[in-house]
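By written order: A, B and C. Residues from 1 in each chain.
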Amino acid sequence: MTVRFPSSRALTLLILAAAVALLPLLFPSGYYYRVAALVWISGLAAVGLNVLMGQAGQVSLGHAGFFGIGAYAVALGPAHLGVPPWASLVLGAVLAGALAWLVGRPVLRLRGHYLAIATLGLGVLVAIVLTNESRWTGGPDGMRVSRLVLFGWRVAGAETWYWVTGGALLAGTWLALNLLDAPTGRALRALHDSEVAARVAGVDVAAYKLRAFVIAAVYAAVAGSLLALMNGFITPDQAGFLHSVELVTMVVVGGLGSVAGAIVGAAVLVTLPQLLTLFQDYENALLGILIMTFMIFLRDGIVPSLGAMLPGRRGAGAARAA
Amino acid sequence: MPEFLQFLFSGLTVGAVYAMVALGFTLIYNASDVVNFAQGEFVMIGGMVTVFAHAAGVPLPLATLLAILAAVAVGLLLHALAIEPARGASAVTLIIVTIGASIFLRGVAQVLFDKQAHGIRAFSGDAPIVVMGAAILPQSLWVLGGAVLTFLALWLFLDRTVMGKAVLATAANRLAAQLVGINTRTIMALAFGTSAAVGAVAGILITPITLTSYDAGTLLALKGFAAAMLGGMGSPLGAVLGGLLLGLFEAFSAGYLSSSYKDAVAFLTILAVLFLMPSGLLGRRAVERV
Amino acid sequence: MSLLAADGIGIAFGGVVAVDGVSFSAEAGKVLSIIGPNGAGKTTLFNVVSGLYRASRGRVTLSGEDVTGRPPEELARRGLSRTFQNLQIFSRMTALDNVMVGRHLRERRSLLADLLRLPSVVRQNRETRSAAEELLAFVGLAERGDAPAGALPYGALKRLEIARALALEPKVLLLDEPAAGCNAIETHEIERLIRQVADRGVAVVLVEHDMRLVMAISDHVLVLAGGRPLAEGTPEAVRADPAVVAAYLGPQGGRWREAARA
């Protein structure tokens, strides 16, 4: 059996690292650092969601809820509990993971549109709580977030955050790619294609679905924390239904099951509105068209479709694309 | 006692709107297995078009007619351009398509109209009618009456006309319906069009009370869906029952518990139904096929 | 030694009794075939025995242990494996990956190790891969490892499922119509495979319609009709049983004579 070198996993990481390292050379102003950081943050959340949707084949229309939990954790921790931001980030991730673990078991027993609606409901409930408990969360207007201080170094500035979020995305991508070529990844992809056959082969399908759900939740929470720390501010719409839909769109547009695709999808969804700042009012309409077009005509998403076009990558390569 | 009656009436009023949205869901779900997230937008179109047409000088009755026609047109286009091409896709894909449509319609409304909240004058004045200490808005009676008429009309259509029977047949078994010569695509288009009309009527009736805006659709769709689930996905009577019940739950919990968590009631209902009685109150139990 | 025993299995769906009082015993190294006309309840019986359905009555014992009502994952852990009549392939994964999934229970599984891609995971991947390659070679699919399973022809997929089922290193193997849709050459291949598997000491239980295959390979045959056991015994004894001939093949019984000639 020939060893494929470099493996598509290594290639993906290499390209991403190169992109993160070299992109700033193209930036004419500090504003671009910010946009790119937003792409890295959304990419992190999307990579996590892809583990759940692309690999395990489940759906979550409430994923922004976990994002919001992470975001508000770093806001509430320092403000109300005296916990430093970095510890609050960890706590937020743990909280999101714990919540996912708790609700995941009953929810993941559902299928198809019932699962979609259940996750949607959960996400919206989180958003409602965040909006209503204004004494703690500042209500619909949001609240300020104290800056992250690591070992006396105050993490601030668009450039700094570009590197921090880029590093986080690289780490998250590395972990997600590792999963693919391992028993966990194989089990997830198997249960995606045939739950019955996976069970008969000995895969504890319920446990693996839950694992994917928790992983996705933790990724989203960390991404949310990073966004809040970077912006110095957070609002409850980050946990809302529209954001959940955006996250799903990123994964779908980029290509379900493709780690690289999730990042590409995030890039598309973050940069498109930026490119159309003149047409800001058309954001919703454009998002809607994007979703419909991809779900109807380009269901495979960008990266797998491109991958299928490359010679020699057809068949086996595409099947193992990272 | 007057408090209780107050909540009862406001609950029934908003419940009637949820019932109409739920009915629209059910019609489409029965004809095509699609959970149509854009359902709320039909309600929004009903209200917004009426407001803007009337503001442009069109007499109110004509404006409402225009609004209904606009909604029907949108419904038919939705079916033709988004649902038909996506036929055969998984249930989740279809939901996401309709979510996309809902966002698109919202975006268009945002640009076409504006982001403000708008109202229409109440049909028979604002003077509340006092019944046993509770103040009831005359518009509430319009809503309830309109809802009842809609249900009756729909029931008559489904039960007494050939076309209506065709809709029921398509809902029961699409293949069999095709085999007896029913054009199921037309039926599905009909389902979308009728749903849109029902939604628009609901929007027109409720706008004098709750006002409308470009984004009023989303929450309504979610609540209408909760109502349909509560009553039993696929059962028209269940949709009505679910809608009224949900409205009452909301009103009573807002009145006696906490009004800021009013919106959470619908979502808690969805989760409760999904986990405790997935087939809802009147839904058919899905038989686990071999 | 009886590795798999079913005792008085009964199951009904709504008002339809699919299986009514069926018992059998599968021994190591022997091939038991379950045959019967369509609708006789054979696949339903398989589904009960492999944990996909819960029987209304009866017991299932695996290596002496009562496993009635246990889910498929647990049965797999106790050495029971099966293939599917309607093919349940992981079509988006490669053929090799399909078989590698079959090795799941033979692998050490740690989420943390997988996330961090520890050397133990890399090493284990190599082992799993080579075990899977061996199995692909065993079923004659050595060159097709990298192909996406969804692109393989039907006969190859039947063999792929067998390879995946064998990856578990099962003690009992249930094969649900392994030769269905296969031509004479493919069926012969399947026959050879089953013989080799049984020779390794696995208890094989077969549901089949291909009489030639059944006659050639079975040590023991059980005939079902209408969910009830009709006859049981060696292939020759069952073939000669007039009740079986009548229920299964109608008055002609021509195919039996054909099978006898083969």
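The definition used in the following text is that contacts are C-beta pairs under 8 Å (C-beta built on N, C-alpha and C of every residue); 3 or more make two chains touch, one makes a residue touch a chain.
Only a predicted model underlies this, so the values are computations on that prediction, with no experimental measurement involved.
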Statement: Per CA centroids, the chain at the heart of the structure shown is A
Query: Which chain's centre, taken as the mean of its Cα atoms, is farthest from the centre of chain A?
result: C
Centre distance in Å when chain A and chain C are each reduced to the mean of their C-alpha atoms: 41
Query: When the centre of a chain is set as the mean of its C-alpha atoms, what distance in Å lies between chain B and chain C?
result: 50
- line: Per the C-alpha centroid definition, the whole-Å distance linking chain A and chain B comes out as 33
Query: Which chain C residues reach two or more other chains?
result: none
Statement: Per the touch rule, the chain A residues reaching chain B in their complex are 59, 61, 106, 110, 112-118, 120-122, 124-125, 128-129, 132, 241-242, 245, 248-249, 252, 281-292, 295-297, 299
Query: Which positions of chain B touch chain A when the two form their complex?
result: 35, 82, 85-86, 89-93, 95-97, 99-108, 110-111, 218, 222, 225, 229, 260-261, 263-264, 267-268, 270-271, 274-275, 278
Statement: Within their complex, chain C touches chain A through residues 50, 52, 71-73, 76-77, 81-82, 84, 88-94, 97, 100-102, 104-105, 107, 109, 111, 113-117, 121, 124-125, 128-130, 133, 145-148, 151, 164-165, 167-168
Task: Under the touch definition given earlier, write down the residues of chain A that touch chain C in their complex.
output: 1, 175, 178-179, 181-187, 189-190, 192-194, 196-205, 211, 257, 315-316, 318-320
